[in-house]
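Chain naming follows the written order as A, B, C and D, and within any one chain the residues start at number 1.
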């Protein structure tokens, strides 16, 4: 509705499918004859005026590529009033009438503050491998990360089985166990340690023991990284003391989880989000996060999305106990 | 509630994740101390008594494998009264008190008839790459097939771009365009031809022309196979006549689409279906298909599942026109 | 040795790793402060003057990408004296003192004629998935194509096994069976039909029968496409008539074989070829093809490379008979 | 010549393709009507009598699988005279007239001692991802590991580029830099640190600086693990102190490098080695390692293979300096 110029950026940690989302924004803008600016390096670039015009030819051949060609960063300056002031000056300079931000929780917290201080409509697209954003069943990049993790664990299972070893595998997920829970189910883990589920060493030991009694030759424990990095080492060590004859190893998957060509699901999801984000701006929406629920596009205010915590699927936790036996 | 023996089989076309579903059935049965029989080759094996007992050790190391280790087949005999009689005799012989069938529409039609003639509770698990089953958002194998198709098209795009070629790519989907639509969106297809959407040659030609005007170097048309195999050749030929200077090629993806290690999503989905199918039997459910909607398990009677047609997501069709420009 | 400007092009069919070779040429030229021109679309582009300067920044992020960003084409005009004259005029226009051509047999035949008519040193880099070039153990793209073919056949084996089907799989290789032989060994094919090895229907039938007697559930016959496309259909049909109860299917892999990110081997090989090609020009070499033998770089004149036929490894043919049993 | 029974085992670290080698041994033995025994868990299993008969049906569907279904282990007991005595008693018990050992340097050292003490012909098949065995251009598993490493680094490059980060990546290779050198070339590393090549922090810093000056957005340093694990952390820390404004991360690839389905090359290589190893026994060869050189099968005595050190390809080290600029 009268939007003639808009900006798009990626912010926070990168995730596979961000490029597909940018491409969809650019194509949709072109369709409505809206001029589209790409802001490099997230809020940092907005503050520093690192802005380039994007036409459809600029987003060719990026649909299937991991990462984000607009690059991304975290910005301490944007947490300051001065920083946001400079950011808004660049918005005025380029006459942007709307902003689309692809990122995670931190990015939307920044967007909420920014939107309350300045008159700029903002639409958020959830892009993070952690899937820990309220207001959407799935975030862009999560499905790809799951498949990457599962493929890596499958390979580790090959060697674990060949050596009768027990592996503790740490996957990403600071505050949430989405990746750990689903990848653990998908790889037949003996146990899965996630922030959403209490555990004790005794329970962990009984899982390990059970696997051993059944003569399972591949024994994997999947651990969400949690707030304290490296706790996987402590767990492995405690288990080694309890079971001195086991050959126990640790593997921390690390940054590989963020990369890779996006899966089909992530490409389609990102494309839908990109199209709908532009249309939301045109329909006067602002300060909302776009999401998907049961295949339908939904919107949630930044406020609600930030305050509420997305719950992990209890049904899946439940089946873990049945299946891992 | 009192089930002591059950049978599980795969039927119809195979799909990745079927093994994960079987494994979950076997593990859940073991948990409830139910004896579990695997029936090989679907209804054919049930008629011929091709039955083996399955313990958890028998389903080790299959979670991540494509295909179905119980094998699958189509059975003409099961369409006859005589065939179904023999099948029931084997059910009596093994004292099965419930049957879990992993398959597609045709399999559930057979199950419905069988369940109306004989007193055997049956639970269906939707397993097909086509995703064309009413009563569930996703079928087991569909997500994997999408990723396989997208990976193959990505490779074809490499060579198409290097040669400035236009490719017509035929993917599976006899009555439904789920694979074609989503893989086409995910690979930046110029146009997508699916059963659910009318097309004319003129519309196709204008898509091709538009891609050319934009100087797109990779030009892909994705076509669902439809009822008449090979129509992709007719389309390519007509396009070649209209655009004689184009270098047009055809690629039919074929059986590769059915294989491959299941994706994380399919492994988790199949595992959930397997657990819940056994529990449904225990709770006295019968002649229902298990499904997933917005992450929750749901049930639909075979009757409803067979009669109703699953609709393709109109929103995704809509964005095609925006994004492919 | 006084080379100040050189040109590089890709010609003929594309193959994975061509981008890595171009990148290595550009980097090596930069190292020696040689100006490097990229010629788009092979000889066609040379005739039409489709030339761009290439600096190292222009070849960033292409090392791992399939296809060729310089694009490739076949050129009928280059077969004419007039065409080659125009090509040489462009070489003079850009003052190129050397030309590096990445391609296959046809490209080097053109190079030989061109080099005999005009004073321009040419170095050839063998780039083709078929591996059918004399003067090198391996061509750029061959190893990647093998892995692509094997991955696709692995997936087909999943579904073949699930259905007890026999598959005839046609792979690329017009005059040579390198891909068919190696991918067939790697996937446990019952038989492999290649141009270098006589076969009779009787021999084929006995392979099929043998597989059946052994109760093999996956039965694959790999066929090199050969000169007459579609002969795989005739073979399948004849086999079906002989074994009417078999469920026989055909799969033609097609263009997927040309695409995909290059394997590690192809990236390293292409990089070595690119570096050594520039150094060969500097050392005054001309009209030679670069190659690798036992890990060492070797050179062969275009004349010899074109006249002689690369022989397939007889040892590998021999083990087929042992292993497929 | 008169061998009627033989044994096959995998020993030391597992590597992809070991299954393909076992399969080839079993098939070749069957062809010559030799009874074949599989020894589980390497020398440990030989000492403990963990032996099973292997027929062709037992090695179905393993050709494409990572790891080793015979499992592998290291055995301290085999270093003792008493241990080897028990091992030989089991060889006598099963009347094995030859032994095929698939493994690495340590395994062949054991084989040499064993062969000097007891009258049992032994043939070695080089199976290790490190490629550090004298007497063969390639070991079984090396090519697969290279591709795994390259795929993982490609993914890390996605995220590195998105964040302008510098990554230190540690890959396997205790005494040799084969994996580091080749994967580094294949992923465009700024520098590669391997045991075979001296380095100083100053040289490393200048590589880092050069990458920065060229505005490279993806900056990767690949480090062979070397004798002291974790030295990658020290390197990263020193670099961080020198370049305080860089965002530097470390990634240790770990056990994923051992797993995965073998590449086409490894499957064919392993199959050839398996066939030729049996034939070598039949021809009276003993205490030799089988190898490949320029596509031909060669044999080296254990003594020579153990004493000599395989040299890394100097040409590839040379091109690193040219290409990484």
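To be clear about the criterion, contacts are C-beta pairs under 8 Å (C-beta built on N, C-alpha and C of every residue); 3 or more make two chains touch, one makes a residue touch a chain.
Just so we're on the same page, UniProt names per chain: A, B, C, D = ATP-dependent 6-phosphofructokinase.
Because the structure is predicted, anything quoted here is derived from the model rather than measured.
> Any chance you could name the chains that touch chain A and chain B both?
none
> Distance between chain B and chain D based on Cα centroids, please, to the nearest Å.
Spacing between the chain centres: roughly 39 Å.
> For chain C and chain D, let me know how many angstrom lie between their CA-based centres, rounded off.
28
> Just curious, how far off is chain C from chain B if you go by their C-alpha centres, in Å?
From the centre of chain B to the centre of chain C is 35 Å.
> Going by the touch rule set out above, which residues of chain D reach two or more other chains?
154, 157, 161, 217
> How do the chains pair up in terms of touching? List each pair.
The complete list of chain pairs in contact reads A-B, A-D, B-C, C-D.
> Applying the document's contact rule, which stretches of chain D touch chain A when the two form their complex?
10, 14, 16, 18, 41, 65-68, 71-73, 148, 152, 154-164, 167, 217, 249, 251-252, 254-256, 258-260
> Where on chain B does chain A make contact in their complex?
Residue positions touching the partner: 23-24, 27-28, 30-31, 56-57, 60-61, 63-64, 137, 143, 146-147, 149-150, 154, 157, 161, 182-183, 185-188, 214-218, 261, 263-265, 267-268, 271-272, 275, 293-297, 313, 315-316, 319, 322-323, 325.
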